[in-house]
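Beneath this line is the structure, given in structure tokens, with notes to follow.
Which chain is which? They are A, B, C and D, in the order written, and residues in each are numbered from 1.
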Amino acid sequence: MNGRHTTVTAFDFSGIAVRAAETDATARIPSQNWKDLVDSGYLRLFSPREIGGLGADPLTQTAAMEALARACPGTYWSATVSALLCVKLISAYADPRTHDRLIRPLLSGERLACFAVAETTAGSDSGTIRTTVRAAGPGGGFVIRGEKSRITNAPNADLAVVLARRERLAGDDGPAWCLAFVDLHQPGVSRYEIPRMGLRGMPWGGLVLDDAHIAPTDLVPVPIEELAETMAWGWLKNSFAAIGVAESALAAATRHALERVSFGRPLAHMEGVQAQLAQSRAQIDATRLLARRAACERAAGRSARDLIAMLKIYATEMAVEVAARAVQIHGATGVTHGHEVERLYRDAQMNVIGGFTSNRLREQAAEGLGLGPAVFRAFDWVAPAGLGHDPAGLDGFPRPAAAA
Amino acid sequence: MNGRHTTVTAFDFSGIAVRAAETDATARIPSQNWKDLVDSGYLRLFSPREIGGLGADPLTQTAAMEALARACPGTYWSATVSALLCVKLISAYADPRTHDRLIRPLLSGERLACFAVAETTAGSDSGTIRTTVRAAGPGGGFVIRGEKSRITNAPNADLAVVLARRERLAGDDGPAWCLAFVDLHQPGVSRYEIPRMGLRGMPWGGLVLDDAHIAPTDLVPVPIEELAETMAWGWLKNSFAAIGVAESALAAATRHALERVSFGRPLAHMEGVQAQLAQSRAQIDATRLLARRAACERAAGRSARDLIAMLKIYATEMAVEVAARAVQIHGATGVTHGHEVERLYRDAQMNVIGGFTSNRLREQAAEGLGLGPAVFRAFDWVAPAGLGHDPAGLDGFPRPAAAA
Amino acid sequence: MVFPNSPTDHGPDGFEPAWAERARSLAERVVRPTAAGRDRAGRWDHALFAELAADRPGPGLAGPLVPRALGGTGLSAAQTCALLEGLGEGARDPGFALAVGAHSVLATVPIRAFGSAGQRERYLPRMASGEWLGSVSLHQTRGAAADPAVAARPAGDGSGGWVLGGDLDLVVGAPVAHHFLVVAGHHGGRTAFLVDATTPGLRIAEAGPEAMPTCSWGRLALDDCALPQEAVLGTVGGAPDEVEPLLAALDWVFTSAPWLGLLRALTRDALDGARDRRLFGRPLTHSQSARFALADLATQCELAAGLLYRAAAQFDAGRPSLADAAAVRLFVASAARAVTEGAARLAGPPSATGDRLIERTHRDALFFAETGGVDVLHPVIAASVLELG
Amino acid sequence: MVFPNSPTDHGPDGFEPAWAERARSLAERVVRPTAAGRDRAGRWDHALFAELAADRPGPGLAGPLVPRALGGTGLSAAQTCALLEGLGEGARDPGFALAVGAHSVLATVPIRAFGSAGQRERYLPRMASGEWLGSVSLHQTRGAAADPAVAARPAGDGSGGWVLGGDLDLVVGAPVAHHFLVVAGHHGGRTAFLVDATTPGLRIAEAGPEAMPTCSWGRLALDDCALPQEAVLGTVGGAPDEVEPLLAALDWVFTSAPWLGLLRALTRDALDGARDRRLFGRPLTHSQSARFALADLATQCELAAGLLYRAAAQFDAGRPSLADAAAVRLFVASAARAVTEGAARLAGPPSATGDRLIERTHRDALFFAETGGVDVLHPVIAASVLELG
């Protein structure tokens, strides 16, 4: 059986799809989108019933993710960061007593969360993170200070899950990093938007935390190496974003090929165009099958982290390729602002960059293959190997007495 | 010797480069850019002295093209369409008496020209062009009617070189198509802009010609098959745009790699990043060498049309690849709106689409290899070959009495 | 709110790792030791095949898709795929794995699907036991994309028999096969025939490409071969609906299965090799670029696996898809090139020793890609995407 | 206004089509007829080489870069590149072209550049005439990227002589060579030596990869080989500045040159083949997809040519660039894979006849890519881009 038809028809996000061009153009997710999302149950799919979710099986989850990503990648990103990634982070690490207070509003759609890792001068390397949490003093709790940048949902989230350094007092041997659950509606928080190439509907920007307050129970020290386990949900999110973008681009290219006649020949009848469509079809299918497998592995309680890393690399780069083919099949109309494939082409590259980049994930996949951790050596080894400078000419280096 | 250093330092368009981000953001070429272009002699490089040009040798021309494309692809496109492509078209086909009046202002920068081929429902296939020229009646001259779309410089050009059908009277056995040189400052002309993904500084849009008037000498019947010979100048223009974009992207990636430290390792010292830079370097060099060769062939009076077709395909797709690598090396900053590599990534795809698309040019290159003209056959041959429907299962088609 | 039942009739992948592992360890023990030598000599070793066929209650590689009632192992398509994957990985011999797949899938399934009761009872038990080797030409596993090479005409004696003439190249295991599945063109259509090797007028020559030499290539010359009515497989004129699409789908899926195993073997070798190899005074595994390449090889294997087992599961569900089968072949052939080249890069210049798996798979991957052929696969997939063709 | 003089010392490309054509027609007449047979037999044919060497006043393929005063043809680097391109295209024999290039460029130029007057007079005239065949190991044409395989120590008898020990693989034409250029590591650095085949303690075995068999591969075992002071080529300890970068640049440029010719031959074959081949009942040249593929093959050839002749022209200008030479090899190796695969696709499944150029070049292109090695080429180019390394 051909699984893709199941996924496409299972969830109806057609209203969101109709508004996708507007969402991109205005850089705002329409409120009706949120209403549709709440009604669809999407926000609850990824969580078990115990915490207010629907406990959907993994194939339902993946079908829903793909359907939403196809409808509107910007809306997909915003909703999935909050309802999947942030909820997983909170439920994996939070104190059960505070659990409910933070998670329920995210599942109901009343509140929106962001996951704040990157900073203005730091990407996926936690070693360069400067945002720091320290004890608030006599009043109890903690305060956090620093700037997080290039964060999905930062401009309008209610809650931030922030990766920060922990100021440790003498005798504190706990992890050097922590997750802080920061209420963003407080005086110490300001935010800004960052305009960008694609996924323009998605809220994206920075958070400036100026001694923002954190409740005592909302700080969780975490071993940094463990965190990647949960962050892999984010890579899975990007992968389905990529699948959605690619599938939309292929559908648009197919429609155009069937409609367009050039030199008296309908594009769909041309082998060169057929080859492009066929390659896209095979690549998307391979990606989706791997993505579903990864989701099922996770649902079965296995990490699948390295598999998801490999998936994210391929899926996101594949979608760029498929979107570029769709642009080419469309020709000049495909780069006209507001055309669906123009938007998909811009969106596709965002999935490559968002979360860990391909190179960062290749590092991790390699480590997962048993190659050991990355070993750094300064690039100083070409010259000693005799390959550091240009050679002499056919007659050697200039000599006082040049030979015949 | 390493030719690339010659080209980069030969022309100083640093002022234009400084304004490139602004040019993209405001979608307007600053007037100072035009002043710089006039002062540099750029607009006169491509024309012989007899018609007011500088008669520069081909390597100087290519060095200048690359330098301007590196500085600002949008400005490059606008200037080169007018001073190279349109001037070549006019001088190749126009009556020498009208020559001067049309060409001199383009070379001096007083006027700007556009080349109008595509229409709202037609691309590179002249067979689908509907814009038509007919005799104006007793007053003499001609009138032109139709809509041209997705035309560089259409929003602000003074003169349009328009490819149109010719209404032929009985007994007129001349070519069915013509080039019309249309003064755009007249009542029958209206224009519009088309927003688009990249090359936003370049004026781009449509021309609506509503019985616009054409002087008797400004209409030239042309055999359509000859026109590709002159249009190849446009493909060469795109190729250098691509080389400039790629070289800028590589330079930005190199700078970033030297500055950025991740996980305690400067990017420049990482073999994965080095591989990306090395591949880009080799690809750009190969492209530039082929581009220069093509320009020299043309300067020597040879067509090189098929060589330029192959060049345009590779150069423009190469630049997309190089720009994508630059974005990846930059990570999330590389997709932030206004960042140089974000702009280059958007610009790169425009060069693929502008002029003839890669597929159209592959068609032509194939014909140039002696494969004969394209032969169309409707896509009806998979089913007769036994590959048109899904096979039976392991037990054949469902049978009344299923076998053991 | 729409909240569908998710498809639970099968998992998302249909992997059968246990069967792959059984075949892998058997092939590693039985086939691999002689692979390099047989490859150099271009030699088919029937004893090896017999040993794999006789491995009961093990995988029984000769008859996995023959029903138990007819003496086979009665495995599912997914299990058979896993067997072939394991065979590819363990044997490290693309030609031998091709011959096994040609026999146990390409020559077997059309008889199971379209054979008369008589044909099924005559051929399948002896094929499942390994006594009779069945064979096909790889020119005939992509429909009639190529111009027909064999022509048939009615015998004209009222017997319902036929006379076949023509030449057929790329016949897997021809010199050692007992019978051949041959599609022939005739006035009014194309028909499939079962042609025994002993048929008068049939000459079998050893000849073939340099790739996959251990499968024992051959060429058939059919010179007025008279065949009885019982030699017709399926409906007269029915090949375009029956045997042709089935044979294509089977080839694209099951001939790809050993390649998945080969890619896994190459990837593991590349990992080991990169640990040993030194460049610029340090282990190659310290190079970020080499690490990236290894990650990409592993990724290709996982992607290929997903497509392969989806297509196999479609057979088991009774709804094979020609387009999805074509996607398997397209992707696996491309992965075979990428993984072979990546493995070669990581291994560096070849040494004079070693089992030369990279050289063999590199040579054979090109052949594998050619016989699939993007010029056939692309239109088949595009026909499905476009609903044309 | 800046209005520079354009570089007029040479054209933008430096192509030498007349020399390529001379070599092509000679090789087509002399070498090509036996290429497939020698490839199967893995045989070096010295008579062929002698015939090409003796072709005066023709190209004189044995000594193009040997000055006329020393008995050579005294051609430029660009002309030599053209000769090798033509040889590749006409001979259709990657191994033979490798052996010619190894002798006439790799083993010759270091002696011309760094040899003493005595060494130049002893070796170059006999090499240019084809009497003596010079040889190198392809392990030593990428600097000391690999760990050193040969160790040297001073003879210790005050003679200034040296004693060499170690094993060296991938030696082109070893069994038939007169002498070898060998770089050996020692305390304080690495030094280049000229080692005659008759040196006591040197054993030469026929052994090598399966690729390029017509070059006559061999392996050197150096067992306390005593060499006189006169065997040192260049400065003691000077190999990292002298022979190593030169040998790398020469290999990357001149060993790539025959491949450009091979790619042109493959492209022409593909054009002809596509005209003859039929698929889905019509000529393959009617398929848009096949036409696109042919256009891309031709494009790869033109791009590769530009890089190749730029690098050759740099030698003639006395300013060879290691990074630009590496770019040649990187691009040509990648083009070789792409063109071979494209040509194979257009040719379809191989027939049992034909000269098997695609199979040969496919096998050899992988070897060509491995011995260049992106893991060496990328850092060399990146070092130039980054001004690091």
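The criterion applied here is as follows: contacts are C-beta pairs under 8 Å (C-beta built on N, C-alpha and C of every residue); 3 or more make two chains touch, one makes a residue touch a chain.
Per UniProt, the chains are A, B = 3-(Aryl)acrylate reductase AcdA; C, D = Acyl-CoA dehydrogenase family protein.
On a predicted model such as this, the values are computed, not experimentally measured, just so you know.
The greatest centre-to-centre gap from chain B, using C-alpha centroids, is found for C. Set against one another, A-C and B-C show the most C-beta pairs in contact at A-C. The mean-CA centres of chain A and chain C are about 39 angstrom from one another, to the nearest whole unit. Here the spacing of chain A and chain D, counted between their Cα centres, is 47 Å.
If you average the CA atoms of chain A and of chain B, the two centres end up 34 Å from each other. Taken residue by residue, chain B touches two or more other chains at 268-269, 271-275, 359, 362, 374, 377, 379, 381-382, 384-385, whereas all remaining positions touch fewer.
Shared interface positions of chain C, defined as residues touching 2 or more other chains, are 145, 280-281, 287-292, 319, 321, 323, 374-376, 378-380, 382, 386, 388.
Put simply, chain A touches chain C in their complex at residues 1-3, 6, 10-12, 39-41, 54, 56-60, 63, 250, 254, 257-258, 268-269, 271, 273-275, 277-279, 281-283, 285-287, 289-290, 292-293, 295-296, 307, 309-311, 313-314, 359, 361-363, 365-366, 369-372, 374-375, 377, 381-382, 384-385.
Across the complex, chain A is touched by residues 1-4, 6-13, 271, 274-275, 280-282, 285-286, 288, 291-292, 294-296, 298-299, 302-304, 306-307, 310, 313-314, 317, 319, 321, 323-324, 326-327, 330-331, 374-375, 377-382, 384-386, 388 of chain C. Put simply, chain D touches chain C in their complex at residues 138-139, 145-147, 169-170, 207-211, 219, 278-281, 284, 287, 289-290, 337, 340-341, 344-345, 347-352, 356, 358-359, 362-363, 366-367, 369-371, 373-376, 378-379.
Within the complex, the chain B residues that touch chain C are 270-275, 379-396, 403-404. Of all the residues in chain D, the ones that touch chain A in their complex are 65, 67, 69-70, 77, 109, 112-114, 117, 120, 142-145, 190, 239-242, 244-246, 248-250, 287-292, 315-316, 318-323, 376, 379-380, 382-383, 386, 388-389.
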